[in-house]
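Just below sit the structures, each encoded as structure tokens.
Both of the next two complexes hold chain A, though its partner changes from chain B to chain C.
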Partner chain A sequence: MTLLDVTGLTVTGRHLIVDGVDLAVSAGETVGLVGESGSGKSLTARAVAGLLPKGLTATGSVTLSGLELLGARERVLRSVRGARVALLMQDPFAMLNPLCTAGVHIAESLPRSPRPPSPFPPTDPGASPFGTVPADPGASPALPQGSGAAPTRWTRATRRAEVLRRLAEVGIDDPSVADRYPFQLSGGMRQRVALAAALARDPELLIADEPTTALDATTQHEILMLLRNVQRARGMGVLLITHDLRVAFELCDRVAVMYAGRLVESGPGFDMAKVPAHPYTAGLLAALPSATVTLSRLEGIPGGVPAAGDVTGTCAFAARCGQADSECTQERPPLREIAPDRHTACLYEVRPRPRAEPRAVTPREASADETLLRIEGLRKRYGGHVALGGVSLRVGRGESVGVVGESGSGKTTLARCVLGLVTPDEGRIELAGLDLTRRARGGGQAHRLVQCVFQDPTTSLNPSLTVGSTLAEAAAQGTPEGRLSVAELLDLVGLPASYAARRPRALSGGQRQRVAIARALAVRPALLICDEPVASLDVSVQAHVLELLRTIGRELGTSLLFITHDLAVVRQITDRTVVLFRGDVVEEGETARILDAPAHDYTRRLLASVPPTP
Partner chain B sequence: MKGVLVTVLALAALVAVGGSHLAPYDPAAQDLALGAVGPSAAHWLGTDDLGRDVFSRLLAGAGSAMLWPVLVALGTTVLSTSLGLLAGYRLGWVDALMMRAVDLAFAMPGMLVLIVVIGVLGGGYGWAVLAMAVLLTPGDIRVIRSLTMAQRELAYAEAAKTLGLRPSRIMFRHLLPNIAPTVVAGALLSFVVAMVSLAGLSFLGLGLPAGTPDWGLMVEENRDLLDLNPWAAVAPVVLLTLIASSATLLGDRLFDTLSKGGSR
Partner chain C sequence: MAILTLISRRLAAALVLLGVLSVLTYGLLVASPGGPEQVLLGNRPSTAETRAAIRAEYHLDDPFPLRYARWLGDAVRGDFGISIYSREPVVDVIADRLPVTAGLAGYALLITVAVGVPVGLVAAMGRGGTLDQGITLTSLVLLAVPPFALSILLLYGFAVTLGWFPVFGAGETPMERISHLTLPAIALAAAQAAMVVRQMRAAALDLAGQDFLTFAKARGLPRRRIWIGYALRNAALPVLTVGGLLLAANLTGALFVEQAFGLHGLGALLIGAVGQKDIPVVQALVLFGGAIVVAVNLLIDLAYLVVDPRVRHGAVAS
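Let's look at the complex of A and B:
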């Protein structure tokens, strides 16, 4: 039975954004909508829920069990939202009202009166691996006393019991959580509370927009599993929006891939992962870094995503496709069926890509024995919170070392200590023989030795300076001999020299990160710290940037201290890895050794939560 | 809309600079026989009770009506921007000291201080302008400081620090352009506040000797003539309102365009 039926959905604002999307979600089915940033996937979801931002209009048809939602009156939409269609958003930090407790969030989402015969039985405890314990029978939602059918009002006790039951459904057994405020909860807990609130009125369809993107790997895994269990127990339809193919394949029955505002491929996730039927999907799959093999070359997709309005009459991917010919630009290829329930918008069969060969594990030639950076017993606490509890590590000259850990592990604090942005409480940092812990920071020479590529591409460049002046200023901070010009720096990171005149807002995320890398390399540092430089980039771009960092490291002999939560990235780019857990090093060694045969429990847990690379 | 605002302010600036040359009559020339009469072909806005041409006096007064506020706005903006940047970037004791001083300044009744300053020191607007620039600064310091604190945490500011740039360079070359929309809008607002307050002071008879062609003073001197020639008192008020609201609205517009152009 089709629950949600989307046909020919088109969203236009000043430009065309979503172009004729067809999508169906049946009851009890999880459908993944995958795409990179700007593909229109989130706006598709918002159009379905009737929550398009001002200035955008949707045409086509969206029906929920036969009820047309597009163009429906606000009153109709209000009766549908929450009650029949629920939304789960990305950011667990912004999604909850900081002034309301978790319990209040759920209580206010509950239906106005208790529904005695709940359409959905409480989750079967056996279905949840997280020890979901339904509240004891005495506390379960009291049926209306006396008269049987007539729903009565909530009482304080029944409401409270219902809230606790809902929390238990999302794996929170501790009743005290209901009385806590969002700031007292971790990201994963917040996402659970938000899920409980979204499910409070027992919707038939849940739209989850990047529900795990802001979470740590292990938490992400838990929430995904929770989502799956809840979906199965309730027989609910789920539309999962994600940029992560691995997440979609792991969780979804069917996957639809969006590109430049349209669907390019759809089908069962399992088949798609095995044999992609569209070159774009194939490209995305090839760009995925793997946590199990070290590849000799990371391949992104060349070029960038076009605007939906510019490619209406042609295959949207033709300009970036390796096997495109004149046919592809003649007209827009229809979404054709190639097997039952399997569609592609490509005219041809996809040539299998030669999977890049695993890299022969050759540690860098460079004299890794010679120590460049030595950190000893580094401690830093913020109030009662211990960020670093005595961390020691060393980076050899020309070596690439990964620092892995989840948020709160202290990895960023470590980087900031080395950069001099944070003063450690105790310990010693020695870089190329200079003591960086003292106030003078190596006689003011530290900035020529160590530079950093920061995480967020939206803020890493000064928006009011042109790329050229940013780079020129950075280069002027280095030693005069061997100074690189702006054009040389841009060339180094694979950007045309004409980009010098641009301002950051005219660049894509990947291009900004390239400029940020060029800025960091402008002083020819001996050590480059990378703090999650690709965490907020799309997969295809991520591969380009990683490959760039890898080659630059090799060519210039720059040592890398690579900070990340992503084990697959570590695998591709580092020689040695240090695993941080709550401010302490728990494991350290050659990257391949650590990922293939982890010794510490925490490392194993991290590894287990990496979604399998297809 | 923006064109209209700019035109109004440009005209005002033109009159402020060349007003006394444009005036058809000597603003001080009296015609006691004529007395206060309404608008005519010879006197567009009529005359006041001493027979002085209101239009000429308006033009002649434009200079002091706008020059002093411009000085106040300049002084306040330079002071508050540099101090705000310093406090927000340095934090620590610099910030603590500055913020306590700001708290202290907030506790002072501004208009009263001005009246006392003028009353005690006398001698025209000079001291009043200085006092007003100092009085308007604390509020703007707070705004600039909070914006600076938000900017300094961003990756580009940290990158600048990592590059070993001098603090002054980071503050003025990196942070300042990104808070410029607020600085510009703030400067225009200071101008408006100063203009209205100074007019208010001269309405109270403080600051300028009687008889000076000044808008605030004209309202005070001519408010008894509302039946004979209402324009003598109303015209300066209309001009003050027009210029003040144009400057406020322009500040608002500029803030929007600059924010869109600069950062995103």
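Let's look at the complex of A and C:
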């Protein structure tokens, strides 16, 4: 039975954002809505929940078991939200009221009065991979038994017991969590609490908008599995919005791919992963880095996503498509059925892409023997928290070393120590024979030796400077001989020289990150530290940037210290890998060896949490 | 534990601040023109004998630290000496004037919060609409009008022409007091309410884009719960600071309004004391004002402890 039926959903603000999306979710089914940033997937979710930001209007039809939600009165919507449709959002750090405890969030979301026989028992502890066992047997299911009549009001005790039961459902068996404030909980815990609060009124449909994007790899995996278990136990419909095809394929029965505000392909995830029926999906799949094979070339999709309003009359993907012809721009290709329950908006059959060859794992050239960066026994404490507990590592000249770990593993502190932004408590950092631990930092030479590319290019570029002045300013810090001009720098990162006149605002995320890389390379550093440089980029762009970093490392002989939580990225770009866990190196060695045959338990856990690449 | 350290740290800081202030205040007497004995004599004829008597009475021949310590000891026990002008103990003079000013300040703060907070919220809710623009414009006008000018306008309109409120004085019975203080409180509160409106509007706008507000709506929470438990409580944090500072400003700086409405409050007392070079009274008022600012700030910090769990558990340094 169809639970949610979306037909011809169009969202308009100042421009067209979502352009005629059709979508259906049945009870007990998980549907994935996949797209890159700007595809309109999140606004589709918001429109379904009736929570579009101010200034945006939705037309078309959204029905929930026959009840039209679009244009419904606020009173109707309020009775539907929470009770029948729940929304789980992306950022667990922003989703909870900072002034209320976890328990209050759940308690306030509970129905007005207890429902007599609770329709959804907590997930069976045995079925949950996290061993959900209520900590306090007395505190668990607590609706008064045997009284015959259902209780009509919450009492303090029943409400509290219900809150604990709900927490147990999302895998939190420690009752004290109910009394903690969001800032006292980790990201994963917050997301669990938020899920419990979203489910408090037992909705039929859960819309999860990128619920794991802001989380660590292992936590991500746990939350996804939790979502799946809860969905199965409750027989609930789930609409999962994600940018990650792998996540969608792993979790969803059916997947719909959005591009420039419209659907380009839909069908069972399994089929789509095997034989994508739209060139865009095929391109996305090809751009996915793999944790199991090292590819000789990473293929992004050329160009950028057009605005939905600019491509209403044509195939939205035509401009970036390798097999587009004049037919494609004549009119908008309809979503046609190619097999039962399988649709594509492409006129043609997708030509199979030549899959990039796995790179022959060649041992690094002799130059890697020459040590560029040597770190010994690096320690740093913040109050009682040990960020680095004696880390030692070395990076050879021209070598690319990955530092892998989750948040709190100390990987960012390590980078900041090398950059001189943090003074370590103990230990030694030696870069090209220069002692970086000393205060003088080698007489100001350090910044010519080491530069950094940060995660978010939006905030790491000065918005009021043009790209040209940013690069010229950076280049002026280097030695005069062999100084690269702005045009040369732009050329180095594959941007046209005319971009020098632009400001960061006028660039896309991937282009900004290219500028940030050019800026870091402007002084021709011997070592480039990359702190999650692709974490905030879309897959198709990510592949471009990774490929760029790889080439630069090869051509300029720059060493890379690549900090990331993404094992697939590490696989593609590094020669050696260091695994950090709570401030200590737990494993170290050749990347391929570590990923193929991990020795440490933690590495194995990290690997297990990577969604399988189709 | 974190709370205790925080409170003790704040208390210690307050004490240090007051100590510094008291040294400066006491310095007023020493630095005054004609020397301390001339000041303490006031307009009385100064002969060598009276000057000697004053020097002896006030221990003016002792070294400065000793004199300061003695003065401080008295001040801590509530003895600020005798007013030169009225020949009454300074503390009595202040205690006589305090109720009027305190009433005025409290009344004004009440109006400020009662008007500023909801109006600010309403403006934020209808962002960019006619109502919002009207509110923003009005608050700008109120901020621009000086309090004494507004006082005169209010007096003319509501007291003289309409006759709804008394023109002069502070009244005797509590009911009279309220009606007497209404117009001054409005005059004082107008600009401050405008400030709170703008503050509240900014805070609420900031909140409107927050995920937790959307998430609260998505869970179908009742509107009252969202507005009070989510929007108001979170927006209250910055407003709390402003409100406290305004209270301190009202207690010490309602000069113009007190003058305009003929209220015998602390502001009027300060103007008089400065005019008459009544140094002991000025000293006491300066120290009192400083103590109020320090105390109010301490109260704000404590209020933060109550309202914001992040401060309570030491997650953020306030």
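Remarks
In the analysis below, the second predicted complex is superposed on the first by the 591 of 614 C-alpha atoms of A that agree within 3 Å, B and C clash if a C-alpha of one lies under 4 Å from a C-alpha of the other, contacts with A are read in each partner's own complex, and residues count from 1 in each chain.
The working rule: contacts are C-beta pairs under 8 Å (C-beta built on N, C-alpha and C of every residue); 3 or more make two chains touch, one makes a residue touch a chain.
Quantities reported herein were computed from a predicted structural model and do not represent experimental measurements.
Overlaying the two complexes via chain A leaves chain B and chain C side by side, clear of any clash. In the superposition on chain A, A:D91 contacts chain C only, with no contact to chain B. In the superposition on chain A, contact is made by A:A194 with chain C only, not with chain B. Contacts of A:H385 after superposition on the shared chain: neither chain B nor chain C is touched.
Judged by the touch definition given at the top, the superposed model places A:L465 against chain B, while chain C stays out of reach.
In the superposed model, A:S79 makes contact with chain C only, not with chain B. Once chain A of one complex is fitted onto chain A of the other, the partner contacts of A:R351 are absent, as it touches neither chain B nor chain C. Our angle of interest has its tip at the CA centre of chain A and reaches the CA centres of chain B and chain C; in the overlay it is 30°, to the nearest 10. The minimum CA-CA separation between chain B and chain C in the overlaid arrangement is 6 Å, rounded to the whole angstrom.
Shared contact residues on chain A (touching chain B in one structure, chain C in the other): none found. Interface of chain B with chain A (complex): residues 154-156, 158-165, 173-174, 177-178, 180, 262-264. Residue ranges on chain A touching chain B, taken from their complex, read 419-421, 444, 446-448, 450-452, 454-456, 459-465, 473-474, 477, 505, 516, 519-520, 523. The part of chain C that touches chain A in the complex is made up of residues 127, 210-212, 214-223, 225, 229-230, 233-234, 307-310, 313, 315.
Of all residues in chain A, only 49, 51, 54, 78-83, 86-87, 89-91, 94-101, 108-109, 181, 183-184, 194, 197-198, 200-201 touch chain C in the complex they form.
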